[in-house]
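Two complexes are shown next, each including chain A; its partner changes from chain B in the first to chain C in the second.
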Partner chain A sequence: MNVEINGPQVLGYLFGNPNLPITETMRNAWIVMVFILFLCIFLTRRMEKIPKGKQAFAEKAVIMIDNLVDSTMGPGCRAFSPYIATLLMSSLFGSLATLFWMRPVTADLNTTLGWALITFFLITFNKIKYGGLGGYLKGFLEPVFVMAPLNVLSEVATPVSMSFRHFGNMAGGLVISTLMMGALEVLSNAVLGFLPVPLLQIGIPGVLSLYFDCFTACMQAFIFSMLTMAYVGDARSSG
Partner chain B sequence: MDPKAFVAGMSALGAGMAMIAGLGPGIGEGYTAGQACAAIGRQPEAQGDITRTMILGIAMAESTGIYALVVALILLFANPFVGQF
Partner chain C sequence: MPDVFQSFVYINWWNILVTMCNTLITFAIIKKFLFKPVRKMLAAREEEVQAMYGNAEKAQTEAEQMRSEYTERLAKAKEEAAEIVGSATRRATVRSEEILKESSQQAAAMMKKAESTIEQERKKAMNELKDEVASLSVMIASKVVERDIKDADHERFIEEFIDKVG
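Moving on to the complex of A and B:
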């Protein structure tokens, strides 16, 4: 049995600088971005007054995300819905890329930490914008000033926990699927060793993949954008 | 004893023990789902809201388990201690 579980492979170096590696994750992320771009262009070509077919689908998706933003963040937050939609789509397709023989973009802490840092910046920006700089700093002294270090920690924990959650779910699924493939190979060699192919590897990993890839991908994309909305909405109403 | 083998073995043991943390989220999420079922039974018309809140809560409760998983993965695949010997 040879099971290999590696991080994303380094494909090359930017400008030949060993400090700027181009990894598999980055290549896949660009493929996913180009795919989403072409999907958007395809869905919105030749728009008509009365939507039908692909245009109706696109409009339905936009309305759904708008409604989600409205119901979670309260009215007057429509400006966030493009960002939420971007997060949702890049997370969903980035994770589902694993169905197309690519390493999932989100099974790399760099990707999810990047997104979580954008969200963290949004949260802090909105807290300062709506509560004022004084209110933001005063929030660290709640309920008593002794709690300040803990409050700073809990503030830092937000992006860490968001990124680790997404990364851990996807990477965990990847590891379990890989281990399962190895185990099934051993099992089919032991039980059905007279066959030339590892028969048990057919079909069974698909069932696992349905949960670890499809379900988790949809779930984590939804949760990541949902948490972003909840945190930013909370920051806006804190002032 | 070869210190490298000792550290590697102990790391594998530690990774396994880290995953005991999976108990907590399992219990918590099961309880949450049960409570959500009870709530939907009382108020079927609020199913959408209840489900959404439940999923969010489950995701939050799951993070402790995910931390354990990340620690286990680090111990197994990116062990910081092996290189010291």
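Moving on to the complex of A and C:
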């Protein structure tokens, strides 16, 4: 039998231009965005002074993210809260999309790299804003000037490591799940070949999915947001 | 058209650009539809709580003020009552003294009157006694002397005698 593990499927081309493909990842990302939009509208609809049910949940979430931002980045950084919430929700729902027969949005390097580049931009912007351009450039010569290449490398490594960590975890889960499905089909045919369906494919992948999809999705969303907060907070206090 | 796939690990600036745009749009959505209303609600609630605390504080100070006012008034009322009682007592004392004095005066007057009446009675009785004694003496004397003496002369003599004796 053949097990194929592909990148995201190309669904079409924008303006028929082969350089502008519309991929499965993009479509799933848009679905996730629409889901987030409806979730936000649903959670904050008909708000009352005395919160209950969904409103209490929304308030709890906002307060939690605010507290997280406060404790990681220091006070006065609440403007970053929506961005952190964006990362958390996009990453979490983008990864959990796999539970709804969609290719996870985060199992595409371009997605995680895009986020990491935004974070990288925020880091650099805040370093220059709070330390000045001179301070930023001088930071590469610390502690001695011969370290400059290494400092540049570590600066560049930040978005690379962040994006590859997230992508690797999700893609790894995808690969393992696919391999598992193939292996179970083979095993099922060998052991229970008389049955019309590969019986062993039922249930067992679900257990693995608990770790590779659910747990990893939550973990990576949290790690990515925490790293963003830590790096940007560090950049703000570097001046 | 056969299914076309991108490579599993693949960097394409177009894809990254789309991701960034998606992220920015999601950021706008979350900011506008989640954070803005929730923060507004939290702020409104905080404001309300602040207002409630302010009102409570105001009410408390008012109550405190009223309490001190009432305490003051109560003390004043007690003082007044004490004054009233005191003045009443004083007045009663004065009045009772007056009454006592009056009654003692009355008693004294009555005593005097009684004494004068007694004196009069005594005098009257004395006079009667004198008369009686005189007439008796005349009778006894006339019996003794057996002489026809004019009653009138004798009576005069005896009266003179009694007057001299006392």
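Before moving on, here are some points about what is shown:
We take it that the second predicted complex is superposed on the first by the 239 of 239 C-alpha atoms of A that agree within 3 Å, B and C clash if a C-alpha of one lies under 4 Å from a C-alpha of the other, contacts with A are read in each partner's own complex, and residues count from 1 in each chain.
Here, contacts are C-beta pairs under 8 Å (C-beta built on N, C-alpha and C of every residue); 3 or more make two chains touch, one makes a residue touch a chain.
Values in this document were obtained by computation on a predicted structure and should not be read as measured data.
Superposition model on chain A: chain B and chain C are shown accommodated side by side without a clash.
Once the two complexes are laid over each other on the shared chain, residue contacts for A:P21 go to chain C alone; chain B is not touched.
When chain A is checked against chain B and against chain C, the one touching more of its residues turns out to be C. Put simply, if you stand at the Cα centre of chain A and look at the Cα centres of chain B and chain C, the angle between them is 120 degrees to the nearest 10. Of the two partner chains placed around the shared chain by superposition, chain B is the only one that A:M226 touches, whereas chain C remains out of contact. Look at A:A171: by the touch rule set out above, it reaches both chain B and chain C.
Applying the stated contact rule after C-alpha superposition, one finds that A:W30 touches chain C and leaves chain B untouched. By the touch criterion defined above, A:G7 reaches both chain B and chain C. When the two structures are aligned on the shared chain, A:S161 is found in touch with chain B, with no touch to chain C. The least CA distance from chain B to chain C in the superposed model is 6 Å. Shared interface residues of chain A (contacting chain B in one complex, chain C in the other): 5-7, 167, 171.
Contacts from chain C toward chain A in the complex involve residues 3-12, 14-20, 22-23, 25-27, 29-31, 33-35, 37-39, 41-42, 44-45, 48. By the touch criterion stated above, chain A contacts chain C in their complex at residues 5-10, 19-21, 23, 25-26, 29-30, 33, 36-37, 40-41, 43-44, 47, 49, 51, 55, 58-59, 61-63, 81-83, 85-87, 89-90, 108-111, 113-115, 117-118, 167, 171.
Chain contact summary for the complex, chain B toward chain A: residues 52, 55-56, 59, 62-63, 66-67, 69-70, 73, 77-78. Contacts from chain A toward chain B in the complex involve residues 5-7, 161, 164-165, 167-169, 171-172, 175, 219, 222-223, 226-227, 230.
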